[in-house]
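The following blocks contain the structures, represented as structure tokens.
Heads up, the next two complexes both have chain A, just with different partners, chain B and then chain C.
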Partner chain A sequence: MRAFDRPRFLRVFVWIFFVFLFAPIVLVILFSFNSSRSLQQFDGFSLRWYETFFESESLRDSLIASIQIALITMVVATILGTMLAYGLVRARTRWSDTANVLMLIPLVTPEIVAGASALLLFTQVGLQLSLTTIVLAHITFSISYVTVVVRARLAALGRQVEDASMDLGATRWQTFRLVTLPALWPAIIAAGLLCFALSFDDFVLSFFTTGESPQPLPVRIWTQIRFGVRPTINAIGTFMLVISTLSIGLALLLPRLLGRRESGLKVLLGREGA
Partner chain B sequence: MTSANTNRAHSAEPSASAIRFEGVTKTFGDFEAVKELDLEIDKGEFFSLLGPSGCGKTTTLRMVAGFELPSTGRIFLDGEPVETVPPYKRNVNTVFQSYALFEHLNIADNVAFGLKRRKVAKDEIRTRVAEALELVEMTGREKSRPTELSGGQKQRVALARALVNRPAVLLLDEPLGALDLKLRKQMQVELKGIQREVGITFLYVTHDQEEALAMSDRIAVMEGGEIRQCGSPEEIYEQPTGPFVAGFIGVSNLLPGDDGSQISVRPEKIWLGTLENGMTAMEGTVVERVYVGTTTQVIVELESGVRLVALEQNTASARADDRWEIGERVKLGWHPEHARELR
Partner chain C sequence: MNENRFATGFLIPGGLWLLLLFVVPVVLVLALSFGYTDDLGEAIYDTRLDNYERLVDPDYLPVLFRSAGFALGAVVLCLLIGYPVAYYIAVFGGRWKNVLIALVVLPFFVNYLIRTYAWIAMLGDDGLVNGVFDTSIRFINTPYAVVGGLVYGFLAFMILPIYAALDRMDPALIEAGKDLYGSPWETFRHVTWPHTFQGVLAGSVLVFLPAVGDFVAASLLGGPEEVMVGNLIQQQFQASDNWPFGAALTIAMMAFLLIWMSLYLRAAAREGKEATA
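Let's look at the complex of A and B:
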């Protein structure tokens, strides 16, 4: 039986797309386990590049710095972004629409502009470039992501559920704790992990706002590549890939593990039912 | 707080009405949602606020719940002024149109929510939740999640969640609005039965006139933030005091009367064909027949161009000579007591 409604060439397109998408990543992973220095020829399995990676004190410091930056960014941006979303949705004033648009600006600002202006600001204020300045820059752009995700969930939740809670004797704070927050958890967790992933592999903002040392891992890789490509890069790349994939995977899975029917993907896209 | 008001509230306490509005106005910016509302609702009454959307009925309800504060005027619950009391301290509970169930809690925990906030003992919570679920015929669904229930079942749970707290007044904001027609009719009967059983004052907001007529002890018809008429379903239907009420409740025929007034006659009060002595009689042409099941609407155009709707009963004993054809000349009339003069 021929399926007239499902042309075969579309399937071929999809396969070609996936090959182009994943081939470079697969190569990086494969060559990170190469036993020789070659970047063209696989000469057998070994972990020597991972050993070089973890034995290098400066690379280890960079890894720790990146994880620290991502963790702090995740926590602070998630809290601030959730508060911002709550304010934008619930405290409707004549400025709400303006604030809603302004909040989206970090999402569309070219990162190089954001980075350069952050650098300008920090030097003008007299802030020493360090991990702190990177964290400040990361938090600033991450808040918008959190707000977009949490706001969608809040809008879907509707106001009547909070009214119902107060109607049943819960104070404002109890309502937030017992009704609003439980409904928002999937969105908050998903948004937080997204922030972690975005901050962990950010290069442009980090490059502009980083101090001398330790530099976050992506900046560190870039510095190293300038002196020639070495196989250690493959090992670092694979390692970063694992961390990013884990955090995004958790963002998609955790809402389900928390006993919700909606998937994390829907939460991130703001597309779950009210 | 004036002492006059306080005194009145206290002296009236033994027989205080369940809800009393005194000159309550609510404005949103330039918009007056409710204007100078004066209204008393008795204890144990099934009272409906009826009107089109934007008439102020929901705002009135939300002021009783405490979600909105009146701009001016006073509201008394059981004789006590409550205008500034927050919703969580008022002895009223609300059933929302969207049900507003807590989706992260199961049915039993949804119903127990109010009792837990009031720190009721665990054993008592268990018995009262079971009783409430039995009242709304949802026993056995304690562990279900709200998302697993149908619209009608959700509304039953919402009702149980409110009633379990034994409020002085139950507020219902178009609770059947999201249900289909058949289920709505069934729930109307059940709601009325439940209200009779628990004896709690019900303040019911709806735009559905049939629903209000079917369930209420009294109805206030609202338009533009004001009460146009307040009375029993019979009074509202049979003796509308103005063209708005006559037109909003059921089908009404309006004829020009003397000096700018209007005459209103209900379709089922109009006789076709053979008339009796003492009736107001007219003649016209049948222009349309609409079969609606138990009755057929016959639309008759008078010489003046005014169109009147009359009802033919489609009962087994209906007379064959009542079957009017389009284009036929027909005599029609009504007993004078069935015509209302509206100004």
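Let's look at the complex of A and C:
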């Protein structure tokens, strides 16, 4: 692509950008292994902050709570979002176009609006704030992500394969189960893992809808940061980073492992066929 | 069974879920914004405008302007940083393209709180920079820190759509610009920029929306002079327990954001139509 101009400073600029992008994260990871409390100098390798993390029963409960929330969110949101995507692409009704756009609104709603309104709803219907309310809120705001990702895959798929299956005598339901669904798997799995990562990392929604205990990890981190910088946060942060990166890495790699040619990144961004 | 009816059935569970857990709560917030808090601290639905009148109170109005200003500053900075990066990766990335763009996205899957906290650890009064250089520069608790936190928080939302637009663009267009004796700058201005403008617009909205409503950056990186509307809303719903006023703040913010949201949704609808056509 020689056609584009290549200003010389651009390369340097991008390098500096990446340094600034990663410096804080590298710092957190590095100092999570520091043997002293200091955040200014590294006094030798140690796992003491991880020990503090895992020896604290309440932090362990929070970690388990976070994982439970993310798993349930992943399963429910993926099912609902996939169904929604199928309906949006295949059903031709008068308000298809409108529905296709309305479905994006949760994605562009600031989280604080989502959190405050969910809190209000739960209070109004007399639902005790707990892990359940967090899950309900998380699912609501994950459905749209799944729909966007799966919808793109479905649109790229076209309906010829489905037509062929029907011509061969399959019922609608058999076609969906045996033809459509297998073709959608890479997108569905990628979307599910994305939901897991988003839910596991979410702070704002959880903050508004959490009960007393156990609280999900990000809410605990918030409390700890407000009480001042503590080295344990480095360890918690690094640990969460590993879990999120694993789920996103899987989301990027799985389509390829499943023997498809398309890039996981494209599947994840819902940009297939676009 | 007819295909339409079969497919429409699939819309019901998700549609119902979003109706009950997204639409209904927002309507409740709207309704409560006309309410008041009684002497017992109980939120009562009503039809008053008191909460909205309070918005223009000198205690609160500057906060609203500040939020819009900080968010706009974040958008401009994200664009200034994000466009060149997206350009470099899309055009010169070659076979590293996907790796580079994945590297851009990766940090955004580190918890937002941790990322913000990392800046405190680095730039705080007794943070790494002040420690290593033995200085006592005040970085944190300034407006710059808050805007910087927002930029660091949402930069990927700017880079990805611009990258997508650049990636789709046909390099032959640039050749054409050159053939017509366009200077590099003219070619950029008349060819590249208009072709990626949709991406810039999408990125700007995707940064602006979460930035306006953010309360984490201002809480952790700002002092009392940097309070944003998100902090006010959070305080009303949690600390000071004045839900009707919190609801009015939420609705006012949403109304302001609707202009931006509809801009984005219109573009997305166009793209969605192309994709599903």
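The definition used in the following text is that the second predicted complex is superposed on the first by the 262 of 274 C-alpha atoms of A that agree within 3 Å, B and C clash if a C-alpha of one lies under 4 Å from a C-alpha of the other, contacts with A are read in each partner's own complex, and residues count from 1 in each chain.
Here is the rule we go by: a residue touches a chain if its C-beta (ideal position, glycine included) is under 8 Å from a C-beta of that chain, and two chains touch if they have at least 3 such contacts.
Keep in mind that this is a model prediction, so the values were computed, not measured.
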Task: Partners on chain A (chain B, chain C) - clash or fit - done: fit
TODO: Tell me which partner A:E51 touches in the superposition: chain B (first), chain C (second), both or neither.
DONE: neither
TODO: Check whether A:F22 is in contact with chain B, with chain C, with both or with neither, and answer first, second, both or neither.
DONE: second
TODO: With the two complexes superposed on chain A, say which partner A:D43 touches: chain B (first), chain C (second), both, or neither.
DONE: neither
Open item on the list: Which partner chains sit in contact with A:D167 here, chain B, chain C, both or neither? Use first/second/both/neither.
Closed with: first
Task: Comparing the two partners chain B and chain C, which touches a greater set of residues in chain A - done: C
Open item on the list: Looking at A:G87, would you say it contacts chain B, chain C, both, or neither? Reply first, second, both or neither.
Closed with: second
Open item on the list: Looking at chain B versus chain C in the superposed three-chain picture, what is their shortest Cα distance in Å?
Closed with: 8
Open item on the list: From the superposed pair, tell me which chain A residues show up as contacts to chain B and also as contacts to chain C.
Closed with: 171
Task: chain A contact footprint on chain C (complex, rising order) - done: 1, 3-4, 6-15, 17-18, 21-22, 24-26, 28-29, 32, 81, 84-85, 87-89, 91-92, 98, 101-107, 109-122, 124, 126-128, 131-132, 152, 155, 160, 164, 171-172, 174-175, 178, 184, 187-188, 205-206, 209-210, 212-216, 219-220, 230, 233-234, 237-238, 243, 246-247, 250, 253-254, 257, 261, 264-265, 268-269, 271-276
TODO: Would you tell me which residues of chain B are touching chain A in their complex?
DONE: 65-67, 86-89, 92-94, 96-98, 100-104, 113-114, 117-118, 147, 161-162, 165
Task: In the complex, chain A residues that touch chain C - done: 1, 3-7, 10-11, 13-14, 17-18, 21-25, 27-28, 31, 39-41, 80-81, 83-84, 86-93, 97, 99-101, 103-106, 108-114, 116-121, 124, 136-137, 139-140, 143, 147, 151-152, 155-156, 171-173, 176, 197, 201, 203-204, 208, 218, 221-222, 225-226, 229, 233-234, 236-237, 240-241, 244-245, 248, 252, 263, 265, 269, 271, 273-274
Task: Of all residues in chain A, those that touch chain B in their complex - done: 158, 160-161, 163-171, 174, 178-179, 182-183, 261
